[in-house]
Structures are given as C-alpha cells and as structure tokens.
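These are the structures in question, set out in turn.
What follows is a pair of complexes built around chain A, which joins chain B in one and chain C in the other.
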Partner chain A sequence: MRKLTSNSQQASMKRGLIPAFLAAVIISVTGLLAPINAAQAKNTFVFANASPYDTMDPQVVFDVGRVAYRLNLYDGLLRWLDNPPKLNPWLAESYDISSDGKQYTFTLRANAKFHDGSPVEAKDVAYSIDRILALKKGASSLFVKVIKPGSTKAIDNRTVQFNLNKSSAIFLATVPEIHVMNSDLMKKHEKDGDWASAWVSKNDAGSGSFKLKRYDPAKGFLAERFVDHFLGWGDKYLDAIEFRTVKEINSRVLGLMKGDFHGADGYMPQDQIKRLMKTDEVNVFEEESMRIFYFIIHNGRSPMNDINFRKALSYSFDYTGFIKDILSDSVARNPVPLPNNIWGAPQGVKGYTYDLDKAREHLAKVKEPLREITIGALAGYGQTEQAAVLLQSALSKIGVKSKILSETWPVASGKMRNEQQMYDLLPLWKSTYYADPNNWVGEMYYGPNIGSRNNSWYQNDQVDQWITEAIGSTDQAVRAANYAKASTKVMEDAGGIFVYNTKWFGPYNKNVKGVRFCPIGNAQEMRWVYFE
Partner chain B sequence: METLRFLLKKLIEDRVALLGALLILLLIFTAIAAPFLATFPEDIAEFHPPNRLIAPDGTYWFGTDRMGSDIYSRILFGARITITIAIIAIGVSVIIGVPIGLVAGYYHTWFSDLLMRTSDIFLAVPQIVLAIAIAQTLGPSIENIILALSATYWPFWTRLVYAETRSIQKETFIEANIALGASPIRVMFMHVLPNISSSIIVRTTIGMGGTILTAATLGFLGLGAPPPSPEWGRMIAESREFLPEAWWYATAPGLAIFLVVMGFNLFGDGLRDILDPRIRRSVRHDE
Partner chain C sequence: MRLLVLIINRFLWFFPTILGLMVITFTISHVIPADPVAFVAGDNATNEQIEALRAQLGLDQPMHIQLFHYIINLARGDFGVSLYTLRPISEDLASRLPATMELTIVSVLVSTLIGVPLGVISAIRRNSFLDHVVRIFTVSGLAIASFWFAILLQLFFAMELDWTPLQGRTSGWGPEHVTGFFLVDSLLSWDLSELRAATLHLILPVTTLAFPAMATIVRFTRAGVLNAMNSNYVLYEEAMGFPKRVIIWKYILRNALIGTITQIGLIFGILIAGAVVVEAVFDWPGLGYYAVQSIIQSDYNAIMGFTFVTGVLFIIVNLLVDIAQVFIDPRET
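Our next item is the complex of A and B:
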C-alpha cells in the first residue's frame, strides 16, 4: 500500500517535472529577453570597452580603461569637465581654503541624494576618504601622504572639513577622485571589517547620474538613469547606459559600423579610425588630449644608469617614422615628460631627434659594461610592440643588442613596481588623472615615488627639490616655472624616451549628440549624451 | 634499396601523397634557401615605416606589414622557425615517448602501469590547454614553445608503441628470440622496434602537421617568438588590427600554415597506406 503511494507519487512527480522544466526554460528565456527588450524600448547607449570591468568598487581602481563606472555611478565633491579641463563644483556647492593651505572646508548641496533615496551628507564624505586610506588601493597614493585616517570631520550634515598634514597645491585637483559612497548602506554590508569591499564590488552605493541595474564581470554593466540626481535632467537624455567588454578591435569597429555599439574608446589604431571615418554610420570626434607616450628607462640598473647610454637610447628612436608613418600624423611630437598643452610645459624645447651618429658618439663614452637589454611591450597593444621593434632595429645598428618581451598589462604593471623585475625599457602611455603638471613629471620622476608611480628609478636631488617646492606652493607662476625646469632637466638627463602627446579620436554613432570630452575620463561621463 | 624503390613507386602512384611530399620538400627548400629566395632578406630586422601596409605588387609580392617589411621575405624566414620547432619538438617527443612505450609494453609489471597511467594523465588534459599553461608559466620564447610541445606530445608515441609492442610480443619470432636467450634490450630494440617502425613513422609525419598548427596557435596567442620574429602565428596575430583593409597581411601566413599542415597530413596518410596495409583507405582505384 505504502509502496503503491510512493510509486504514484514518483510518477506524478515525473509527470510534473516535464512541464515544470518547460516552464523553467520559458521563464529563463523570457527572463533573459526581458531586459534586452526593455533596453531596446528605451534609449540605451551601448559603449564597447576594451578592458573588462572586474569590479564595481570605485575606490580600488585608478585607471582610464575602467573609468566609466566611477564617473557614471558615483559623484565627487568636485569634477573635472571639458577640454582644457576645468575643475567644477559637483556634490559641493562651494569650498574654503584656510590661509595656511591645510584646511579645506566643503559645503555640500542640499538636494543631493544617493540611489536609495537617502541624502548625501558630510559623514559620507568622511567615510569615503577614510575607506580610501584604509584600503590603500586605487587613488589612495594621492592622499596617504597628506591626510591621516580619521582627520576628516563632518562639522554638520552639509559641511565637511579636510585637515591636511601639510599644504598641498595638488590636493584640490585630486578631490574628484574621492568618490562619495553611501556610508549607512556600506556599513550594513560590512563583513569582518572589510569596508563592505566584497559587497560593493558587485553593487552600487553611489549618487551618480546612473544607477547600477546589472553587472557581470565577463560582460560589463548596465545602469539606468537616476531620475533624482541633484543636477536634474534636461529634456534630452539617455534612459540607460551599457558598457560592454569587447576585447577584439575588429569587433568594436564592426559593431560601431553596424550600429550595435554607439561609442567606443578613443585610442584605436589610426588605421581603424580612418576606416570608421569613411562610414556614414559613425562620427569621429577629434580632440587634443593629454596622454603622453614614452619609454620608461630603468635608470637604476646598469648600463642605463650611465647618462651617455640613456642619451644613446634617446637618439636611437625614429620619432618621425613612428609619428608620421606608423601613426599617420595623428599625434604630436612631445619631447618632455609633460604634455605640450598643459600649463608649465617648457616652451621651445627641441628634445632628441633620430640621429644614429650622435647615438654612437654617446655610446662610445659609456663606462658601464654593455649587455643585451630587454625591451618590454604590452601584448594586445600593437603600438607598444611597433615602438619596441623600431627601437630594437635602430639599436642593432649602433651595436646594442636587445630582445623584446611582450607581456600582458597585468604582468607588466606588476613588474613595474619591482626594481629587480622591471624591464630595462618599457613603452607606455601616461594619461591624465588630474589636470595638473604634477600628474606627469611630478609623479613619474619624483624620488619619493620610486617603486609606486616613479617606475624609472630616477632620482635627482634638484628635480626633487623643484617638485617638492611646486607641491607646497599655491602660486601658479612659481609652480609652472618649477615643473618646466624639472621636465627639462629630466629630458636633458634622458630619464626616459619621450615620444608624443595623443589626440583623442572618439568614434560615436551618427545619432549620438552631447558628447562632452575631458582628458580625465575620456568623454565617458554620459549624463549629457542623447540620441537625436 | 629495393624497399626504397617500392616506396617511391607507390608514392608516385598516389597523387595525393605525392602532393603532400612536394609541399614538405618545398617547405624544407624554402627554409634552407630563404636568404637567396627572399627579395628583401634584410627586412627580418630592418623596417621601413614609410612603406607600411602596401598591397601586393611587383616589388612586394605578398605586400608589406605594419612596419613596412616585405611579407614574402618574412614568410620565407618564418619557414625556418616553423621547421625548427616542428623537428625538435617531434624529435624530443619520439625520443621520450618511444622507449617509454617499449618498456611499458614489453614488461607486464606495476612499473608498466605506472608509466602508462602517467602518460594517461598527460593525455587527459587537452593538449593545447596544457601547452598554453606551460608556455605561459615559462614566459614567451621559441625554446619554451618547443619545451611545451615536447612535454605534451610524447604520450601519443608512448600509447602507440605500447599497443604495438603488446601485440607483436606474442609473435613466434619474438618468443624464439627470448628462448634463444636474447636480452630484453636486444629484443626490444633489435626485433620489436624495427617491426613497429612503420607505425611510428606514420604517426610522426602526421604529428608534424599537428605540431606546426599548435605552434602557430601558441605564436598567435603571443606565447611564441617575441617580435619582430617572422613566426607565422605571430604574423597573423599582428595582422588582426589591420583587417579587413590589409587582407594580404593575414592571408600570406595563413596560407603558408595551411599548405604546410596539409602537406604533412596528405603525406602521412599516403605513407600509412603504403606502410601499413591493415588500415588502408577503403576506396582505392589501383587495387
């Protein structure tokens, strides 16, 4: 009797299984389709991004490849906008700087809200900077030397006060990197003192113009317009933005041409830009940017610690061939470690030229023993390989042997922080993180930054003194003069091989309007963009 | 001499295998004579940016690449890399795999099982995945590619030799040899090995094609020879940025890989038909 029941139960279960399975399939299929249909119904902007979004935590990442979620999901007190970049009030409506330059008091807007509806308050700002200092990742290196954890005070709900150890001329320029997080929400999701890192790496605790809707590290993220954003919305806007990871250049280009993607990164190979310019579907916007291309030289290692060897290297790069032929004149020669178009850049400096006779002259004076040198390159970034190959070919003509080691960006960036593992030379870009000359020469060739952002192991007392003075001063004329002197000195010392400054060629669908380019973020802030 | 003449006769009768043999000869000839055949032999290490991405014409037969080098000349020199990788990797695999297979097949002890299970472990992981893992860990270079390929290919010969040894062991002439007091080493290398050599030769020829393809894959993934080496897989990887405009850039090395791999496969199939009548292709017009 009992057996019979269980059999019939089994049978009914089996009978029930098939429809249940079908139902599950239908639900999952429609479930998959639903967001796509919804996205298509509204106006969704799809951006094809080369780098994968491996986290949604705005405070552990500090690069341009993954800048989109920092700018669109989060707000800072201030924000860099337009080109040339200007610092604009954002979450803060005003600020005061004390006369000794150590105390910065920001007054927050009254109407700013987080995505869960709670107001943005001073305590959230204090929490955010303390979190940056505690995690020691992302942009933290900008702040650790000037702010002590816990020193930032919420005077009242709308007033926050930063108390710096020492006056810093670049502090204001770096404030936009303090992405304000919802402290109440974060504390709710904190586990074992992790500052909610596990939770926020997949979720959203911001107040930005868009609200995270869906995130998949393998695919990218989708965010919807945050209607209550403090800046309000005009009559033209996007309902949603999707940043999708598309690693292959050809897929990005074909997607743009077909209209599947409405935008992509502005640093594609010039041959592909030309191809996009020919099509009717795509507009390519051109802007002067601040992103210099140079070879890091490991100044701390023999024979590169010999200035004559470094000069021989600098005379061995075919600048004209590289800029004119390989990059079709899409960039401008930039002979110093400061972009030509930022204040403080020295004027009329000639820099090195491609001159193998001079290279041989300097090579003859080298006292250090010569050896085969290793030139790094970034796998997948064809331009770095082409630059490395071009240099190698010229070096072989003057009798310097070299080999090329092409590795991925995560491998290379790990080696850059290690004096022993670092390549002898590595071609690389330096983008804008804050529009101040310190972003380049002050980060790259400043002694105290050795091993973190000075990957050249370059140290010169005079340069250090100029930069220290420039960081401490609030007088822009003094600062400009010091950065000019420092970058000229690094160039004379051949601390690196400085090649060019980029132009940005942003490809967008022809119906896209309102793209607002800024060298910080490369036009990836989408709140002004709309479809015509 | 008689067998060689027989082989040649059979080969000439089998048009397809002959084509394969000619392709292989062409590859070897190209590799040896590259400096004489190349129109711009200096383009291996010298570049001419003003001439970059020129479509095939009378001067540049296969066009030029991203650095303005002649692709035809680079393909010729690339043949050297290809053939070096294939010969060394396959050679090492045979040297490791065949003795292990012989020993494991000849003896019937726990040691045979140990050897065979070890080779099974290697066979269990998809070969390309294992090769990628090894090459990635050791860093990109031709030497490491050879190492990765040898480390992943030897079990194929072990398997083959093991099975053949086991089946031939029961033959009367082997038993007679053992009865006469021949040492195991003598039996294995003087009597077993010559009798299974035809299968090894067939496997090796076909294996060449597979090795070249895997080496090109690793080169394509950036694990092989560093730039500016004219390795074929690397050339295809470089060309991706310039597709579809510079169609010749990927076409030339792609065709080269295709022809060489096809050559080894056709020749290997033909050899198998001639040397190993048991597994002859079913449809033959000359029979």
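Our next item is the complex of A and C:
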C-alpha cells in the first residue's frame, strides 16, 4: 500500500513537472518580446551573398563571389578603386620600376599593422607571394610565369623587391591580388609544411580594415572594425560587417525587403531587381561593370575553322532580342572581346548584327561539309541556356543543325582545356580578374595561351604580335593601341560571338550610404560604407 | 536474447553495407567527366599548374588506388580534406550535422505527435466530415511541392504577418556550442532569448518538412487502426466491457503502429534528403546544401563524407525502428 502511494505520488509529481516544464518553455519562447531581426546589432552591416564562404584563406580562391573577406580582412600593396578602376597605393606608399621592367621595388607605409598589432613588413610580402606560388591556387596563375619562388627579397623592413623573370606590363595590375599575410603568425600555425592552410582557412592573418570575429563555413563571417588600420577612420563608419551565405535569390530579396539584410549581390535577375526597385526600403545602384558575355567558338575544329562559318554564326545571334526582350535592357551591347569601359577598347566598332540573309551568304561560302554542332551551356546559369536556345533557333532557320548540352561548371571547365572534348560553342562570362585589357583579349585570344586561357583555339600571328608587344611595353598609349587592334581583329575574324557587357545593380537598404563600386570587388569593400 | 541477436546481426551487416555504399559512391563521383582540379586551380591556371596540383592532391593515380587509400584512411577515421578549402571534411561535417539533425528530429517529432492522433481520430470517425477533411489535408501534404510551400510560408508568416523569422537558424550566431543543437545548447546555458530565437526559426522549416511526413503518418496510422478495429480481439474486449478509450489507445494503437513505425524510420531518411530543398530556401546551415555544393563542385572527399554520415545515420535509425518493433510486437524477430 505504501509502495502504491509512493508510486502515485511520484506519478503525480511527474504529471506536475511536465506541464511546469512546458509552461516554462512556452513562456520563455513567447514571453520575451524583443523583436527578432537578423540585423540586430546597431551599426552592423549584414550582406546576403550567393556564394558560400567555405574558406577564409585569401590565397586559395580568386573569384568575385567570395571577394568580401579578401578585401575587408586583408590588404595588398596596391588596390583597385572606383569605376573605371584606378590603381591606388595601399600598403605601399610608393613604388619604383627598373628600366628593364623586371624589378619592382615597393616602399611600405610605416604605420601599417596586422590585426595582432605587429607591423606589416617586407618579409610578410615576400612570404605571401611565395605562399601563393607554393599553393598553386587562386591567383597563382597570374604570377607563376613571371616570379620564381624565393626571388622576392625583403631589402629592409619597409622595402620589398620583386625580381621578375621577364618584363611584364601587367604585373602592376595583378599586385593587388597579393594579399599580405602575417608571416610570423602563419609560421606559428604551420603543420606538415601546409603553409598554415588548415589554420588560416578559418582564421585571420591580415591587416585589413576589419578583423575576423566569428566564422562558420555554413553561415558566413562576422568582422569588427580594425581601429588601428593604417588609413584611419573618419567620423562615419561601420562597427562591424557580417557576410552571410544566402543561396536562394528569393530569400535574399525578401530579406532585403524585410530589413534583415542591408545589401546583396548586384547580379540578380532583372525581375528581382525590378521587384526591389518598387519597394521603399531598398535603393538599387546601377553601374556598368567589366564582365563580358560571349560565346567561345572552337576555332580549331571544322567547320568553325572556316571564317565564313564563324561569320554565319555571328550573324545568327539575335543580339537585340536577347538584350532588350530577354534581359530587359539591363546590359550594354559589347561587340568586341574587351569591355566598352576599359582603356584600350576600340571606339566606334559596330560589330555584328542579327542578319540571317548575311548569315546565309557566308554559309554558302563554307567549303567543308556542315555537321550538327554542339552548343554547350552551364547548368544552373539560366542565361547561358537562354542564349544557347536563341542561337539554336536562328541556326535552324539557316539550315545548321545543332544540339544543346547543358553541364555543370566543373564539367565544362574541364572540357574547355581539352581540344577534343571542348564544345563547338559555349556561352559564358569573362569577369575582371585584373583591370587591364590583357585580362580579356590578351588571355582569351593569345596563341601561347591555347588550351588553357585561350579556349577558342584561336591563333592569329598578327594578334599574337600585338599582344606580345603590349605585354612587354610600359607605354600605356602603345598598349592601348595594340589591344584595340587585337580586339578589332578578333571581332572581324569572328573568333567568338561577343554579346554584352554586364551592368551591376547593387541593392542596398535606403539607410546605407558610401557604397563605392569597383568592378574588382563589386562594391564589397566596406570601409567606406556607413548608415545614415 | 532475441533482441541481442538482432543487434549483432545488424552490426555484422553494417560493414559490408557501408563498404558497398562507399565503393558505389566513389565510382560514380569519379566517373562523372568533371575536372575539379581545373576548377580549383581557377580560370587563369595553366595546364602545367593544373597537372602539378592534380599530382599534389593524389588525383593523378588510378581510380582503384585512390579508392584503396580512401578506404584505409576512412578505417582510421580520416575523411580527408576538401579539395577547395583544404580543411578536414570531419570538421565540416561536424559543424553542419547538428543543424540538419535538429531540423530532422524536430520535424519527425512534430509529424508523429500530430500525425498519429490525427490518424486514429480519422479512423474511428471513418467517413465523417472530419475524416474527409483529414484525408484532403493528407493528400495535399503528399502532393505539395516543398519548395513552393516553403516560399508561401515565408511570404505569409514572415513577410505579411511578421510572426516568424524569414530564414536562418537563429538571429545571431547561436548559443555557446556544446552539442550543436541550438534548442539543447540554449537550455544548457539557460539562454532563453536564444531558445526563443532558435524555436521561432524552426517553425517554418519544420512546418515545410513535417507537413508531407505527417500526411504519410496519418494515412498509415488510419489504415492500421481500421485494420485492427476489425480484429476479433477488439470484439472480445468490447464484449468484456473495456472502456472504448482503453481499447483504442492501448490495444488497437499498439497493433496499428507497427506499420507506422516502419514508415517513421523511412521518413527520417526521406527528411534528411528533403532537407536539401528546405535548407536552401531557409538558409539552414546544414548538410543538405553542403552536399549539393560538393556534388556540383565534384569535391570527392566531401561527397564521400556526406554519404558515409547519412548512410550510417540511416542504418542506425533503421536499427532503432527494428528494436522498437520488437518492443511493440514481440512476434517480430
């Protein structure tokens, strides 16, 4: 009987405890009335980014999608700013180039510090370029042919000297990609000769305007203002920045409208941009970027090795229909393999128009037998598929059979390097890796780059000569003229189908001021930004 | 004893099952004509750079050698490193798994706690107005596209009514990490504002995941109860004067649940797969999006790691289902 009583008491207690616990949970969950808002902390800027921040190592990636941590947590000797981009002294206060164009000597600022308070010195710059060359990732391809590991010397604490194998006019334009790392800190975290890759993939060894506070590869990063940054701070600045991965466009747009995010990427589809423009909470900034959209044509394979066939292809694309109807006039027609707004771009070139009669004329002159051609497209990148379908439709009207093969970027990028596997045509973008005409026509149509950066298998001795001269010259007028000639020649040869130059539509909260757009970085450098 | 035999039996099958899963996944992921090394090296990389990187990563070796090395390392608990971040895969999985598990477990709990009673009520009031409503509700749950449903929920509850957060797992960076389950960690640290935030953030993704799962549970429970209601033992218990409440909730339900529990085990696996879409819409930092990204980028070690973890989880859940079956129906085994 006692036992029964005891059990019933326990049961009664348990019955009492469960509702009490549930009540406590419900009260705590519903009772606290503080509003839930992603952008909780005052003066913290929250950016919704499409690409995941799967690493925080600035030297293993070289893309625009993850540029935020490179620009905000790290500094280079020089930095690109504004649109059109101008090269500005940054960690370096001055530089000197030897007469043979092979030796670049930079003098560092005296007041630059890393986030741990130690000074930025020449040995850190030498370490950083050697690390880039050793890892063979990210921006290393820009330097591997001109700099040998160990050749960069720290002359004294503030003087660093790059000794190039050969003179290179584009070297200065690529210097901002050498993100300077704290060599002492990095060496402390090295493991089995890994150049501290594992450690720095989730930590910070920089001197940038913001220093890392929290990082979660699945979520993004939070960084707070680095008060001791060498550039100093005015009276308007952000206390912290948070860059989050928000994969879905709809979630980014709704988050901007709700005020959860203060900014997002500027290459959203036009219907979403228009949706944002209609709201009171969001300002959309518009800038012409430097990101051209074109079709690679495999010039090395029949029948594309016939200029008449390539011209027939170029006359078969409905440029106006694509730009005005499909893209709602959100891009600028760009008829050559150089963005309209880069120096050296040829002026007044009209390029090809949509003219099926001319396409048929050129097709009639093709000597080799026609066959079904393969148009590649990038799965998940709707514009490439739309462009491929538009071209396919026009080609069927002039009697050229084609099929579309949509594949993921890793598959496509692998095929692009193989002459046999490469598609006959492939629409894609060429972004700004460094703001020099060589980034486009010099990489894409230069003979020595065939099979790597020249995926068109395009070869023209005259073009090669102009580009070689341009790379070797330090006279910008000579270089501009050569790139203009090379660019026009490639267009006349119909080496590719050149469609448009991208416009950037940056959506920001109405209270956000100071946004400073540059095609390299897409306005993601936050040191200029503040809330009104 | 029979339970022990069952567990040993399942344990013996565990290794060949996982090995088979690993071999199949490794082969498929490597046969796809993608070149992750070229992708990692970047647009501007030269062919020499790509080949040097390929050798450095050991991807220049024949596939069977790579597979052999992978299995040996896996046996030592080494999942390898990501091709892209060079970070250990185990770290990536450990940081994302709790998010997916929390979402999945809460969804299974919600769908079960609502689905089972609803299925029973629907069965005992067969062909009533309530039964018709529940059936329409369950058909909708099975037919609805979760992607579309998730966006509708966002638009209505987060944007229009402003009752719930739009996306994410919490409003800040979450409570102090102990288990990685925000509900548990916020209770452990007695951080009630984090508990509230974590709970509110769970509402929409859990609703999206639990709705179709609940529909399945309702239908299986309803069918099981209807079947059991026609049994002789129910007739006997009614004749003996047992209260209807006891007959339904103690005797009928126990028999009816056998099929439902098997379904719950399967639903758990389906929800982990379904979490891919829900995690994408709600920016839930879990394994789903990580898996999709790994597949798109052909990050071999990440694909293998994700497959291993979900495979092991699925086997464990099925073992638990088998054990539960033994307790509910001792004739099983």
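Convention: the second predicted complex is superposed on the first by the 491 of 532 C-alpha atoms of A that agree within 3 Å, B and C clash if a C-alpha of one lies under 4 Å from a C-alpha of the other, contacts with A are read in each partner's own complex, and residues count from 1 in each chain.
Here is the rule we use: a contact is a pair of C-beta atoms (placed from the backbone, for glycine too) under 8 Å apart; a residue touches a chain by one contact, two chains touch by 3 or more.
This is a predicted model, so every value here is computed, not measured.
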- Message: Applying the document's definition of touch, where does A:97 land relative to chain B and chain C: first, second, both, or neither?
- Response: neither
- Kindly classify A:326 by the partners it touches after superposition: chain B alone (first), chain C alone (second), both, or neither? first
- Task: Pick one for A:50: touches chain B only (first), chain C only (second), both, or neither.
- Result: neither
- Message: Tell me which partner touches more residues of chain A in the superposed arrangement, chain B or chain C.
- Response: C
- Message: In the overlaid three-chain picture, which partner chain does A:451 touch, first (chain B) or second (chain C), both, or neither?
- Response: second
- Task: Report for A:356: first if it touches chain B alone, second if chain C alone, otherwise both or neither.
- Result: neither
- Task: Kindly classify A:272 by the partners it touches after superposition: chain B alone (first), chain C alone (second), both, or neither?
- Result: first
- Query: After lining up the shared chain so the two structures overlap, which partner does A:307 touch, if you call chain B first and chain C second: first, second, both or neither?
  - Reply: neither
- Query: Touching A:141 in the superposition: chain B (first), chain C (second), both, neither?
  - Reply: second
- Using the touch definition from the top, say if A:393 reaches chain B (first), chain C (second), both or neither. first
- Message: Using the superposition on chain A as set up above, list the residues of chain A that contact both chain B and chain C.
- Response: 248, 250, 380
- Message: Could you list, by residue number, the parts of chain A that touch chain B in their complex?
- Response: 248-250, 269, 271-272, 275, 318, 321-322, 324-326, 377, 379-380, 382, 385-386, 388-390, 392-393, 396, 403-407
- In the complex of these two chains, what residues of chain A are touching chain C? 25, 28-30, 32, 34, 36-38, 40-41, 52, 54-55, 57, 60-63, 136-142, 144-145, 194, 197-198, 201-202, 214, 216-219, 222, 244-248, 250-251, 254-255, 257-258, 260, 380, 408-411, 413-417, 421, 433, 443, 451-453
- Message: Taking the touch rule as given, give the residues of chain B at its contact with chain A in the complex, in rising order.
- Response: 45-47, 49-50, 52-53, 66-68, 139-140, 222, 226-228, 238, 240-243, 245-246
- Item | chain C - residues contacting chain A, complex | 32-36, 38-47, 49-50, 52-53, 56, 81-82, 84-88, 92, 95-96, 99, 151, 154-155, 158-159, 165-169, 171-173, 192-193, 195-197, 199-200, 280-283, 285-286, 289-290, 293, 296-298
